[in-house]
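For reference, chains read A, B, C, D, E and F in written order, and residue numbers begin at 1 within each chain.
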Amino acid sequence: MKYVIKLTGKLFKRDNAGLIKEVTNIVLNKFREGSSIAVITGGGSVAREYVGLGNELKLTQSSLDTLGIEASRINALLLALALGNNAYLPVPRSIDELLNALGSGKIVVLGGLQPGQSTNAVAAIVAELMKADLLVNATVVDGVYDKDPRIHKDARLLKELSINELEKVITQSYGPGHYELLDPLALLIIKRSRIPLVFVNAFKPETINKALNFDKSVGTWVHS
Amino acid sequence: MKYVIKLTGKLFKRDNAGLIKEVTNIVLNKFREGSSIAVITGGGSVAREYVGLGNELKLTQSSLDTLGIEASRINALLLALALGNNAYLPVPRSIDELLNALGSGKIVVLGGLQPGQSTNAVAAIVAELMKADLLVNATVVDGVYDKDPRIHKDARLLKELSINELEKVITQSYGPGHYELLDPLALLIIKRSRIPLVFVNAFKPETINKALNFDKSVGTWVHS
Amino acid sequence: MKYVIKLTGKLFKRDNAGLIKEVTNIVLNKFREGSSIAVITGGGSVAREYVGLGNELKLTQSSLDTLGIEASRINALLLALALGNNAYLPVPRSIDELLNALGSGKIVVLGGLQPGQSTNAVAAIVAELMKADLLVNATVVDGVYDKDPRIHKDARLLKELSINELEKVITQSYGPGHYELLDPLALLIIKRSRIPLVFVNAFKPETINKALNFDKSVGTWVHS
Amino acid sequence: MKYVIKLTGKLFKRDNAGLIKEVTNIVLNKFREGSSIAVITGGGSVAREYVGLGNELKLTQSSLDTLGIEASRINALLLALALGNNAYLPVPRSIDELLNALGSGKIVVLGGLQPGQSTNAVAAIVAELMKADLLVNATVVDGVYDKDPRIHKDARLLKELSINELEKVITQSYGPGHYELLDPLALLIIKRSRIPLVFVNAFKPETINKALNFDKSVGTWVHS
Amino acid sequence: MKYVIKLTGKLFKRDNAGLIKEVTNIVLNKFREGSSIAVITGGGSVAREYVGLGNELKLTQSSLDTLGIEASRINALLLALALGNNAYLPVPRSIDELLNALGSGKIVVLGGLQPGQSTNAVAAIVAELMKADLLVNATVVDGVYDKDPRIHKDARLLKELSINELEKVITQSYGPGHYELLDPLALLIIKRSRIPLVFVNAFKPETINKALNFDKSVGTWVHS
Amino acid sequence: MKYVIKLTGKLFKRDNAGLIKEVTNIVLNKFREGSSIAVITGGGSVAREYVGLGNELKLTQSSLDTLGIEASRINALLLALALGNNAYLPVPRSIDELLNALGSGKIVVLGGLQPGQSTNAVAAIVAELMKADLLVNATVVDGVYDKDPRIHKDARLLKELSINELEKVITQSYGPGHYELLDPLALLIIKRSRIPLVFVNAFKPETINKALNFDKSVGTWVHS
């Protein structure tokens, strides 16, 4: 099996060392079973700190994105080091390096690649390049809700939906411009290559593990 | 002034040597006046040939994009060589190399950067990184029409429109998925950074020159 | 066994998808049997198109060569992608990258490397670096003829000749400066390292397969 | 004049945007006067966070250093972006890239380079490579004290001392292994090349400015 | 087992081809047994020649170090080529390339990395990155002596000592600034990570072999 | 004016520091007058030493060439460092890096590029890329002789000859395979681009200076 796992950058804090260790073990187990795995890490709080700082210094939007990308790469480096000699190093910084990494037979861990797109888009591109059997998007909540769960107490977790339904949820329920689940580029790629997708909770590593085993009792499953 | 020029890849054919020479002179003149200039070249017929060939070999969509990117880079290399010692070489292949090129004081010429996005998106990202005063998008027609000019004989050239109106024209008049003018990523970046944009005809180099001089008698001007 | 295969760039056209698929399968079969394989692709019609265009733009000879090299690299990329995860990526662009690729245990596919030399010379250098057991040069004709077969109807295919005899055929029968079979650098390297060499027809993939099995019923075999 | 400025990583927080802006202006002013300037940024709180996290994940000391280096590079990237087109990009990651940057005529901003050494050592190496006239080490305190100022209320700021006296202060007053001012490698290089050195307070940017003007009323000046 | 071997650059002379062949075989044997091995080569006489020449041309100390590093890399390249396809190529020139090499499953051979430090320091850093079980430092003498053996005829070979005792021997018996055994950075890293260390004689390859088998009858063993 | 200077590697010895200093000053003077200059350094005695050592270790011819290339690069690095901040660094190792260097406005210094060709061929390629007005080939003798001057006491220095006459002298008077003046690739490039060429004596730096001023009283001038 070939997997791409997107990990929210919010996981990468000192307090979450135990959770990161769990995720590391889940990835290593799957890898040792013979699976091909790529992990894309988000930028998290470090990204937000530097984007905020850059904003006050009046940097362009692309420059701010560049700072966020570097932040996501520290998270990628940490995870790659925690995976020991099983992960490709250094963290790929370009498509050329990514292609080399994907051919290495190692777990590939990377952060962002380019201004103007989220690490979700990177995850979709990597999934397409690998012909991944599943893209596991591990966020800060249990999956996709019919309304924004941070605002609406009665938001209901959706167990399964189509990619077109997901697109509607993203644009309608969360408001335009709120691409926390998937940005337009990620959507476009997932749609054009019909990449199977599931949203789970990175702070409950067991849901990542279950998703990798196609256990549909967790998360939100998205089909094309 | 800082300019980004997007050149359709369809220009890069042996028969168009004269047109390319004209474009080269226009770019060189502006550069010698003290302007900063980046040129992004599309993939054109070579891209189409290899994407078609890759398709028959059942390559993934991202792999096909990678072939198109390399094709666009030959066009970039040709243009850079034609600009003599005034252009940065080698053609940037990553964001790191692009940042180096943009700081070099030379004309920067590049093609695509990443699967999943068009060279229009690259042009928008470069324009944002440079804080460009104008993004000149030189295509195969005179500008943006109210209907697809290849189908409707009565299609009317629009002299000016807002970026939101452009978005509607792209999605409604040309049909969904027809991102020949701008793909979603390009649109997103142009909107978020309010990059001034004009569409002109690459096969009438004089319209590029007029656009660089903000002569609104040519092309379609898009404001944010 | 260690093989280097030189493929004429003329093969890389959309109409030849079936032939390319056949070549891909032949290479994959040999690789899966445990052989080390490097494939060097020529520039073909794209190279000619851009060299012609560059010529009209009055580029230097080395600049024209550079365009041809990039064209040959698109062919290399296409073939590498068609070989799936068995080929080294990205396509090596320098000796340092080539050395890394040769050590990767993967099929190495590359185009040109440097102005002033043909992809035949690259093939000879790679064969020398790998200590290849055979260099298969797959061209547009069945092998080496006693006269130029495009001019002389009675040209006779030579089954076997020495490298010194080949040198004479190249310089005398084809006229000086016509290095379509081997350029001087390729000749020099093949001679100094006594690399076994056979010319076959890339448009008859079975002849490549037979050559890899040292079946002397096809092509022209050259001994040192 | 040629300057190297070492900035403590602790400066790089959102709350310090104003201070960073001041430092940026000081650097730009000196650069526009014709000086050559390199700035080395420390890792600060992001480095500490990730080193702590890596520690809990039982990474080797060199791996922890690698995380700290990446953290220092985000600070370098932020500063380089804030310096606009006057700074070399991308942030140098190796000696080869550093040598290229130093020859670019731009302000060079970098973080760490290698496990086992502090960014103070990097600053010393860069100063040596540039034959810098002054190395300004901007820390969190006003200079070097006769005792650790965080422990001893009566610690006295030293206005001037020799490099040998500094070495004694570092090893005796601060205790062995506390290389907050200079690590052994930095000391070795400063001594062997007699690099003029001054310690000032990064949180009082005016002291950096005064130091660049050789105004000895601020900081601690170290002579060889 | 994981080994790092530091080879004195003085070994790399034409007259020592036989010795180098022996060392090559020892390394290959251990590698084929399943061990991970990195070899760091010193600069030797070529380094001295160019440092001397650079000195007369009044280059900075860091520039001289850069020349010495390149000399050590020729030695690394020679050894890597002699190890055939078992060694990683090209010779790593930066930490990023070193990390890639260490993950390749091949024997990693490198020279220096950075001005201001010896190849002994590089060996210590590599040992730390690899979590090496043993660092074999193969010099021009049989191990560490209680006095400088080149001066004192009655110098006695020490069979075993602690890293702190070694530090004293280096600074007291050989005089300050004579870091021929270990420079301060190497010492610091070996101490902080308690890397097991043995000094043997590179000109007696059998002692390298014995050291790799933890045969304490040869060399000087250093414990933390 | 644009110049390429090929310097014999035999110049780079400690004893020749004074001569190297003279050459450095000549190059700097021309550069400061506004000329574009590239210098290609041969491998000299270090190359010979390592090629000899590699030979005894039974390396392939291409591997031996690789060692020679690295040796020539130390000479290039030394010269570049001696030229101070006027030379491009790091020493280009590929065509991509060479193209970047040639656009930098700095003096470009490099050694070899690829197995199978001499540094004379590199000099010819660089001259072609730069459209050089003159290629100065500084060897160990005063120019080209009608016979091998090391054998024949009555060998006569030729003041001027055509490139075709030179080709005859090389192949007839010095014997086949003795490409000390120019190898076949260098000849081919000089002929196809009609690069003006002069041979002078590197050990008499004044002859280099005179050649750069087109003073035909020194050396052997070759016209196309």
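Just so we're on the same page, a residue touches a chain if its C-beta (ideal position, glycine included) is under 8 Å from a C-beta of that chain, and two chains touch if they have at least 3 such contacts.
Predicted model only: the values in this text are computed from it and were never measured.
A.B. asks: With contacts defined as at the top, give the pair, A-B or B-F, that has more of them.
C.D. replies: Greater number of contacting C-beta pairs: A-B.
A.B. asks: Pick out the pair in A-C, A-B or D-E whose interface repeats that of D-F, meaning over half of the contact pairs match by residue number.
C.D. replies: Same contacts by residue number as D-F, out of A-C, A-B or D-E: A-C.
A.B. asks: Where the centres are mean C-alpha positions, what is the separation of subunit A from subunit F, in Å?
C.D. replies: Inter-chain centre distance comes to 54 Å.
A.B. asks: Round to the nearest whole Å and give the separation of the Cα centres of subunit C and subunit E.
C.D. replies: Taking the mean C-alpha position of each chain, the two centres sit 42 Å apart.
A.B. asks: Taking the mean of the CA coordinates per chain, how far is subunit E from subunit F in Å?
C.D. replies: 35
A.B. asks: Where in subunit D do residues touch two or more of the other chains?
C.D. replies: Those would be 63, 66, 96, 99.
A.B. asks: Please give the residue numbers of subunit A that touch subunit D in the complex, ascending.
C.D. replies: Against subunit D, subunit A makes touches at 12-14, 17, 20-21, 24, 46, 49-50, 52-54, 56-57, 59, 63, 66-67, 70-71, 73-74, 77-78, 81-82.
A.B. asks: Going by the contact rule set out above, which residues of subunit A touch subunit E in the complex?
C.D. replies: On the subunit A side, the touching residues are 85, 87-90, 104, 106.
A.B. asks: Which positions of subunit D touch subunit F when the two form their complex?
C.D. replies: Listed in rising order, the residues of subunit D that touch subunit F are 96, 99-100, 102-103.
A.B. asks: Considering the complex alone, what residue numbers of subunit D touch subunit E?
C.D. replies: 60-63, 66, 69, 93-97, 99, 113-117, 121, 124-125, 128-129, 131, 184-185, 188-189, 192-193
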